[in-house]
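Order of writing sets the chain letters: A, B, C and D. Residues in each chain are counted from 1.
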Amino acid sequence: MTSPAPQLHPAHACLIVHGKDTPGIIAAVSAMITRIGGNIVAFDQYSDDPRGGAYFQRVVFHRPDFAAARPQIETEIAATLDPFELEWSLTDQSVPKRMAILASKQDHCLLDLLWRNRRGELPTTIPMVISNHTTSAEDVRSLGVPFFHVPSVAGPDKSASEAKILELLKGNVDFVVLARYMQILSPEFLEQLGVPVINIHHSFLPAFIGAEPYRKAKERGVKLIGATSHYVTGDLDEGPIIEQDTIRVTHADTTEELVRRGADVERQVLSRAVRWHAEDRIIRHGNHTIVF
Amino acid sequence: MTSPAPQLHPAHACLIVHGKDTPGIIAAVSAMITRIGGNIVAFDQYSDDPRGGAYFQRVVFHRPDFAAARPQIETEIAATLDPFELEWSLTDQSVPKRMAILASKQDHCLLDLLWRNRRGELPTTIPMVISNHTTSAEDVRSLGVPFFHVPSVAGPDKSASEAKILELLKGNVDFVVLARYMQILSPEFLEQLGVPVINIHHSFLPAFIGAEPYRKAKERGVKLIGATSHYVTGDLDEGPIIEQDTIRVTHADTTEELVRRGADVERQVLSRAVRWHAEDRIIRHGNHTIVF
Amino acid sequence: MTSPAPQLHPAHACLIVHGKDTPGIIAAVSAMITRIGGNIVAFDQYSDDPRGGAYFQRVVFHRPDFAAARPQIETEIAATLDPFELEWSLTDQSVPKRMAILASKQDHCLLDLLWRNRRGELPTTIPMVISNHTTSAEDVRSLGVPFFHVPSVAGPDKSASEAKILELLKGNVDFVVLARYMQILSPEFLEQLGVPVINIHHSFLPAFIGAEPYRKAKERGVKLIGATSHYVTGDLDEGPIIEQDTIRVTHADTTEELVRRGADVERQVLSRAVRWHAEDRIIRHGNHTIVF
Amino acid sequence: MTSPAPQLHPAHACLIVHGKDTPGIIAAVSAMITRIGGNIVAFDQYSDDPRGGAYFQRVVFHRPDFAAARPQIETEIAATLDPFELEWSLTDQSVPKRMAILASKQDHCLLDLLWRNRRGELPTTIPMVISNHTTSAEDVRSLGVPFFHVPSVAGPDKSASEAKILELLKGNVDFVVLARYMQILSPEFLEQLGVPVINIHHSFLPAFIGAEPYRKAKERGVKLIGATSHYVTGDLDEGPIIEQDTIRVTHADTTEELVRRGADVERQVLSRAVRWHAEDRIIRHGNHTIVF
């Protein structure tokens, strides 16, 4: 099966800047981009209070021979931003991000991501899928993606299975997606993993936190159901929200129908969150996200 | 100021039926409608389980001289439905429902309802608006609607102001709308009132229950905000949901902007709920609504 | 690869009725269902004018041993409906509908239908996929579905390829879906085929009729793009609309981005149309559809 | 009736820049803003092709004593942008824009704008409403807004009524809104008027161009109806689109119901377009708009 080239941009880089808002940041950054021979392709900024609030900036620029010039470009960036005491990160947009997917039995989010990745809709590669069930093994491998089965361990001590997962992921991935992975990850696991983890929660958070949200939604008699994608933190269902959406339902929809219709919203919401993350569009700030 | 005729249907009646599902209800009801000289205009039904679950039916029929024939029609309906042990109610769709509106300072929902009523969009009359503030008095009266000011009483004992409101409403209204009325009504008040009360909650319930939902939504960093219209019960924010909707927001929207944009959703959602109620489209069942 | 059982209902039947509205139809039909030992599970009706307009009814009923009793049930239905001069059709909801899919190179709608069918979301079987390209052959066959390649014939005379397609479809399918099939079917083909054909048009009809709607939408500077699923008639882009939806776009979206985002709307809209068709929820009337 | 202060920002200015994209524009503009003592509050830019395409920029900045310093600021801007051969405009965001509204009998868009303006939702004043009917006179004047009645002239020669309208508007307004004004304005009128004119077309353009779009939508059997707000040019229904939205309808909605539901979309869409225009968020480019 041939993979079309993902949506990558040769010689493009993305500079993310955030910190305390101070007059002159835009001027300093844009002059620096010119100085290093770059041409600005996209420029977004947001300040939650121009008088000393938090400042966020995303600049995509084209610079011939970016990879070769990167060290000296980073020196220039540091020299420009250090006086402002701003944090920054620089990514090469010609390099796809390595995305691992953790899944369980429900495969709609998993298959949707695999399928979008193959179509070149996402600037990602998928080095592996890990599942605590074997049901999706054939589907995943038929798309040329490695599949690893790590069974869940019963009881409170998950350290064995988490250690196994960690061993597989460590150093091999840039971010992890929980595609309806029905296990809670320990804070220790998240800390050792050290890369962002994106989850899809099958409800409109903060409504229907926890398990079985569609049953709870049915019981509450809601007229809309939703899905939420968020970064995973130690607090379950509490990480920074990336994207949400809802669809209309009626009294006549059974819980099973809500589950089926919810699956469509879940995969749409998750795929948007994954795409924005892989395109470096998201800045985390406290328990919020800035999405450019 | 001329009032266009509201959307009423001469010689039309609406029969609402609910109870335990039993084979033969549709046949019995439709045969009875034919027998009384009626012609079915709209027919909706729903069963949450055809094997003995709860059954709900709404039939709108045209019957010349309905008002005169009503007593004998009611006798026929009772004779038809009593064997099934079904509850029912019959309304004359040529008679507008009398809607009282309770409001506070925020006037967007109040004005929206007054305006829609004047345009003939709602099958209602508005015998009065009651507010604990005087800010809207001129607007309300300029539309030819009586305005009563009942100040809120500080402290836990609201019985004095509730007694005053009750005196005004009792016998004069068919239902009450809380159009951003910022006072909690006591269970005693609701019981003595004896007519349905519709509220608009300025969030997507059950998220952000209670006060200041837009501030809470901003703090949680949500990407959608919503509004919920529901029937009022003793449990605040917990009555049966009638209608909900959401709109997209971003990190750049301030709490004030959420409030402003939320106002548009609130009045859309509330006006739909009011219209459906006034058209006898809603059946309450436990903590749910069936909306035909 | 195991296929979960599709969403079928044993011993359930669907009766579709349409014709001139006359008082008494509901009573006659519902009494007849009771008489034949059926229990009504869902009942919808619509009249575009209760005084002699067009009447439409959909009744789903449970009848033990439906298949065996079908002949006598059909006799009863005919005896009941002939006096009203109504047309009707009866389908067995325990039998999945056979859906053929015609596709070209763009595979997002094709894969979405195959995937939903495998998940048991659709009450269908897929006896074959026919494409004028071979690109999807491996994907289709890996899901256990037969794939036939019928190359397009250049020039106006398509009779050879259409004859080949007709030979494959004839007698083997209950309906046909054009999943971004980029060839126009001749009126002769449609007539000889004799089963409904559902198309997905990649725009909000009647806007941007014809080829390249996303380029046209970009040129016109629209702020929403949409998709339309409709039954195919001799007039291209003019058949009865089944379902439509839109999504928001901005000035910053390129034509390629519109195509990518449009693909998500297209497959959502097409899958809803296919599902409703397969569940016998759609009645065609002139150039319109009634969707229950 | 007291008017709350509109959403204005003291000492804030908005600089709009557009022209051919050249490297260095952002750096030059942001350095210039710093030089003139301004602090950037919002910064948006878009290039349809970074290699010499069209470039668009909107910068809102805070500058104490802006009004007094304006002449020297304009000199600085010109000195900065002239070398790039860019067009620009500068507006004082502490000054509300003067909006005239032209209306006919349908008053929902008119009343919505009057009401939002009074609530301080729009950074506008309304020096006058002009209508070819007198039906809204009392409503308009009761809100403290001057109302002028200019009857339509039958026949093709509208020059007399247009001359009368021009006399009223000329020099008194910054932009004009056609709030369901059912007369076509001549190219001569538009040219002499010399300020932007915003229209609300009661359909999803380019579908259902011209009169009676809801009747046409009903005839075509669409499942969504929409509204479009656009700038008026000589070509009716063809000016640059500012905003669009749609809502879901069904076969059961009559044309009258479509009109009623459409009114809700129309006023939402028009109010968003008016707000964005008044906030200097829109740049016209050929037959498109850039909306920041």
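To be clear about the criterion, contacts are C-beta pairs under 8 Å (C-beta built on N, C-alpha and C of every residue); 3 or more make two chains touch, one makes a residue touch a chain.
Molecules present, by chain and UniProt name: A, B, C, D = Formyltetrahydrofolate deformylase.
The structure presented is a predicted model; accordingly, all values stated were derived computationally and were not measured.
If you take subunit A and subunit C together, the chains in touch with both are B, D.
Of all chains, the one whose CA centroid is most distant from that of subunit D is C. Equivalent interface to A-C within the set B-D, C-D or B-C: B-D (over half of contact pairs identical by residue number).
Pairs B-D and A-B differ in how many C-beta pairs touch across them, and the larger number is found at A-B.
Mean C-alpha position of subunit B lies 36 Å from that of subunit D.
Computed from the mean C-alpha positions, the centre of subunit A lies at a distance of 42 Å from the centre of subunit B.
In subunit A, no residue touches at least two other chains. Residues 1, 108, 111, 115, 119, 121, 138, 142, 260, 264, 268 of subunit C are the ones that touch subunit A when the two sit in their complex.
Residue ranges of subunit D in contact with subunit A, taken from their complex: 23-24, 26-27, 30-31, 33-34, 39-41, 43-45, 47, 50-51, 62. Of all residues in subunit C, those touching subunit D in their complex are 46, 204-208, 220-224, 226, 240-246, 250-252, 287-291.
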